[in-house]
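See structure below.
The chains carry the letters A, B, C and D, assigned in the order they are written, with residues numbered from 1 in each.
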Amino acid sequence: MLVSEKRFLVEWGDCDPANIVFYPRYLKWFDACTTGLFAEAGIPTAALFKRHGVIGIPLVDLKVRFLVPSTVGDVLLARSGVLEWRKSSFLVQHRFFKGDILAVEGVETRVWTGCDPSNPEHMKSRPIPAEVIRSLSRPRGSQA
Amino acid sequence: MLVSEKRFLVEWGDCDPANIVFYPRYLKWFDACTTGLFAEAGIPTAALFKRHGVIGIPLVDLKVRFLVPSTVGDVLLARSGVLEWRKSSFLVQHRFFKGDILAVEGVETRVWTGCDPSNPEHMKSRPIPAEVIRSLSRPRGSQA
Amino acid sequence: MLVSEKRFLVEWGDCDPANIVFYPRYLKWFDACTTGLFAEAGIPTAALFKRHGVIGIPLVDLKVRFLVPSTVGDVLLARSGVLEWRKSSFLVQHRFFKGDILAVEGVETRVWTGCDPSNPEHMKSRPIPAEVIRSLSRPRGSQA
Amino acid sequence: MLVSEKRFLVEWGDCDPANIVFYPRYLKWFDACTTGLFAEAGIPTAALFKRHGVIGIPLVDLKVRFLVPSTVGDVLLARSGVLEWRKSSFLVQHRFFKGDILAVEGVETRVWTGCDPSNPEHMKSRPIPAEVIRSLSRPRGSQA
């Protein structure tokens, strides 16, 4: 699978009175990593969504283990990739490393979602296009 | 002018390692207060925006004074009202009290904004409807 | 078990360009619910932490299911309670309802954490005091 | 004065239902820029605070102009520097550029703050050390 990387500097405003990252911040970073993974695959989500009539890839399930806390000034290296493809959903794994240590590990289940044709105000899951799966499955740096 | 009120409980996740509210949080609360002010005036923004083709009331200017810090467990009472009406913009004042003490005071300048008819991808300021000004100018609790 | 309740109004700033709650926001609300649960049990975390030398109750594990999206103006009713007690950790369940519909459901595993006596810069898990377990186990509204 | 630079990629979770950056996000970025400015000056805030007994540099005043909105995928270049030094406070200017266009401009007034010696639970402003002023006043890239 394609694994994308992203670096995060833990800022003052990411931390709570216990001087560690306030945990919902990691989930904001997960979301940015998923966007980064699509960009790395050569399919920036904004353009892709427009082409496929997709309005987002909302989460339906989230599992996270917080192994080591981080604090102001720490740099986290995130590695993200799609673990599994289903018909209209997929599992994205994120692993955050502090140096060599795995600090946070999580899996998002996301759904490929467009407007419901019978009611544009509502959202509806859609089959994931083959080109999306192909782009996110090739090894990093290989020909797009 | 109509003054609306809102109460905020300062949560753990609102505070930084110095154990005081991380200041961007106040601005999120300002935004919620402006929404609350419109709701108090009997014109919920979502419905109003839809009726008038408005896509938002983005900020163009912000001035804030932070007088007294607040911490986990503090309750802040916010009082918000429109200070001044201009053609397509307006000034909203927010004052946050901790007990009797004025803790934060700010003024937002917001613009009544719709899609540009000549280019729906772009936003354009619009004259503020008279009914909006009227609703936000009457004293609290008076006949809508 | 004691179940505490909290209401959240979904604000403009809680939502993303797909016009639904940006999911890390739910986790910030989870955290506020856990604080609210302790407060409901008559043991406000700030005071309790000070008495027991606890510096926080960091998360080590999180599982969430997002069943129904919510948008600006929705009101969510959160119900929170401790599902299970372990020696120095505990599981808090949060269920968010939109009217009668379960919209989000999650379980946090949190650790009772103090300073490491041998190194005050480091954190260390601690046995959960019996009085804490007792207070969070009684039915709502019963004698404290 | 020393001017530090920082780049921000506007993420999905930074934007609101109008598809533009939710404005409190800029203020979180301002805060990160101020931290970055100190780091660029060779005085990482965490270390500095410890050495000088400072617990933070809280904001007392904020003025921002939002000139051009930004959206998902935009990259903003921030330039930050100290505009003015006072006895125990200082003015930090942040300018965010989208390409060549000035998109957001703001000035923070921050206070050099330590614990009150007569009451360690309270905060108190302190004179800014000369070495801090010197380090933040030299041109970028010059000898520290």
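Just so it is clear, a contact is a pair of C-beta atoms (placed from the backbone, for glycine too) under 8 Å apart; a residue touches a chain by one contact, two chains touch by 3 or more.
This is a predicted model, so every value here is computed, not measured.
With respect to subunit B, maximal separation of chain centres occurs for A (centres as means of Cα atoms).
Across C-D and A-C, the chain pair carrying more C-beta contacts is A-C. For the pair subunit A and subunit D, the distance between C-alpha centroids works out to 29 Å. Note on chain placement: the centre of subunit C and the centre of subunit D lie 32 Å apart, centres being C-alpha means. Computed centre separation for the pair subunit A/subunit C is 24 angstrom, with centres defined by C-alpha atoms. Residue positions of subunit C touching 2 or more other chains: 12-13, 16-17, 22, 24, 28, 31, 72. Residues 12-13, 15-17, 19, 22, 24, 72 of subunit D are the ones that touch subunit C when the two sit in their complex.
Taken in their complex, subunit B has these residues touching subunit D: 16-18, 20, 22-25, 27-28, 30-31, 55-56, 58-67, 69, 106, 113, 123.
By the touch criterion given at the top, residues 9, 11-13, 28, 31-32, 35, 44-46, 72-73 of subunit B touch subunit C in their complex.
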